[in-house]
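Got a structure for you, written out below as structure tokens; questions coming shortly.
Order as written gives the chain letters A, B, C and D; numbering starts at 1 within each chain.
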Amino acid sequence: MTDFKFEESLAVRDYELDVQGVVNNAVYQNYFEHARHQFLKKIGLNFVDLHQRGFDAVVHKIEIQYKRPLLANDEFVVKVAVEQQGAVRFIFHQQIERKSDKAITTIAKVTAVFMTGGRPIRPPKEVTDAVIAWQGSM
Amino acid sequence: MTDFKFEESLAVRDYELDVQGVVNNAVYQNYFEHARHQFLKKIGLNFVDLHQRGFDAVVHKIEIQYKRPLLANDEFVVKVAVEQQGAVRFIFHQQIERKSDKAITTIAKVTAVFMTGGRPIRPPKEVTDAVIAWQGSM
Amino acid sequence: MTDFKFEESLAVRDYELDVQGVVNNAVYQNYFEHARHQFLKKIGLNFVDLHQRGFDAVVHKIEIQYKRPLLANDEFVVKVAVEQQGAVRFIFHQQIERKSDKAITTIAKVTAVFMTGGRPIRPPKEVTDAVIAWQGSM
Amino acid sequence: MTDFKFEESLAVRDYELDVQGVVNNAVYQNYFEHARHQFLKKIGLNFVDLHQRGFDAVVHKIEIQYKRPLLANDEFVVKVAVEQQGAVRFIFHQQIERKSDKAITTIAKVTAVFMTGGRPIRPPKEVTDAVIAWQGSM
């Protein structure tokens, strides 16, 4: 079972609902991305700052399971775990848990790589070091 | 190889770009959704109309492979194919093809089901009939 | 000078940035709308609930002054005040204040009306009562 | 009466609808921005290209009148006219016209300026020249 050591607390905003009265499917990617970037900040990394220094973290693949919809007024946490896979990939495991009943509503597995000038690279040392330090922490 | 018999022609809009200068990951789900709904209209079905009559088509699972980014000014087509799987699921196969060089930039596999009152149902007969008629067509 | 008695605390999310590295103009409308809806909840009203009971609060007119851009990592509050104007209109005065330096970055004036079945109506009594009660409060 | 010499043809996409079943207020700013950028391309200017060369066109002020909502399946045009005001401002006049009945649904007045390094500048000569050439054209 995944040991999520980071979570970001969010709430549904009405403009995120679609005509079915549920959070639109694409918006969950916003939630997942925002939680990943908050996680990066937590371990000392900054997505926009990395971009400005020429290192672009990009999503290579995403799988999302929609188990239950989020509705107006729902509060939830987005949980994040990460592991390095091989030399160049990071796998993020993410779950959305509704606060009212602890139900897991949405599950994502995200494969990310680093690019510079449009080509995949080994992640910058500061990134690898930060991930390893975080994994070893409590 | 998938026989895509439907495609929707689109172009990148500048507000869809993020700070990296590429279309943000979540926006591709907008493209894929819009193309599916246009496909449904093509075969005589309407997502919003179905919702208003109590039948909600919902995404159960999505897998997206991001192979190349779309950039400002890019024009592309979103290709759509669908097959029914078992009694309740539809699988949509989708690809984004950049017009300038025919490169496949993004690939999605989307599992959709029908719900009514929050519970999965067998798809309405009009849906099954429309999909079968379309598959049999040229 | 406007007496803002409500404020909502928010932070820029990276997906809200555009290619210029600033929050895209349209996103401020999301911020302003979300703050208004949070304000409504605060005074006992709920936008989605009102809609489901047939009363649609809609924006009739909006004026936004963009004085300074919000950037990655910026934290800010959205301030909200409201007054009824004549029999049918509510005027919301809103300001975004950046936390780091208290700078007013964005100012909005929003005229809202209630509709039912596509036609403007006098606001439901529960709404007028809630606004009056709030204005009389500290 | 404004002489709109440019228009962009668009259609509502289902993900742009909110829980009220209408296009969300913020989305009209996407429509207006996209139409302005398409207009700029038409007269030989490119928003993203200008940004990459250090010239940022930014919105200073926007006023939007929402007269009628756009709904699912609506097709419409966004009309654009522009005039220079004083040394540094451009005023865009924009209207959304629904195709089915020619109704004007939404009206915008947008004040834009050019910035470089965070400070307002006189617009680049290529911009002024392009606008003047376009105004003199049929």
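In this section, a contact is a pair of C-beta atoms (placed from the backbone, for glycine too) under 8 Å apart; a residue touches a chain by one contact, two chains touch by 3 or more.
The structure presented is a predicted model; accordingly, all values stated were derived computationally and were not measured.
K.L.:
Among the chains, which has its CA centre at the largest distance from chain D's?
P.N.:
A
K.L.:
Applying the document's contact definition, name the chain pair with more C-beta pairs in contact, C-D or B-D.
P.N.:
More C-beta contacts join the chains of C-D.
K.L.:
Rounded to the nearest whole Å, what is the centre-to-centre distance of chain A and chain D, using the mean of the C-alpha atoms as each centre?
P.N.:
So the centroids are 34 Å from each other.
K.L.:
Take the average of all CA coordinates in chain C, do the same for chain D, and state the distance between these two points in whole angstrom.
P.N.:
23
K.L.:
How many angstrom lie between the centres of chain B and chain D, each centre taken as the mean Cα position?
P.N.:
Spacing between the chain centres: roughly 29 Å.
K.L.:
Chain A: which residues touch two or more other chains?
P.N.:
14-15, 17, 19, 21, 26, 30, 33, 48, 72
K.L.:
Which part of chain C faces chain D closely enough to touch in the complex?
P.N.:
Going by the criterion above, the answer is residues 19-20, 22, 25-27, 29-30, 33, 48, 51, 56, 58-66, 69.
K.L.:
Which residues of chain D touch chain A in their complex?
P.N.:
It comes out as residues 14-15, 17-19, 21, 24, 26, 72.
K.L.:
Would you tell me which residues of chain D are touching chain B in their complex?
P.N.:
Result: residues 13-15, 17, 21, 30, 33-34, 37, 46-48, 72-73 of chain D touch chain B.
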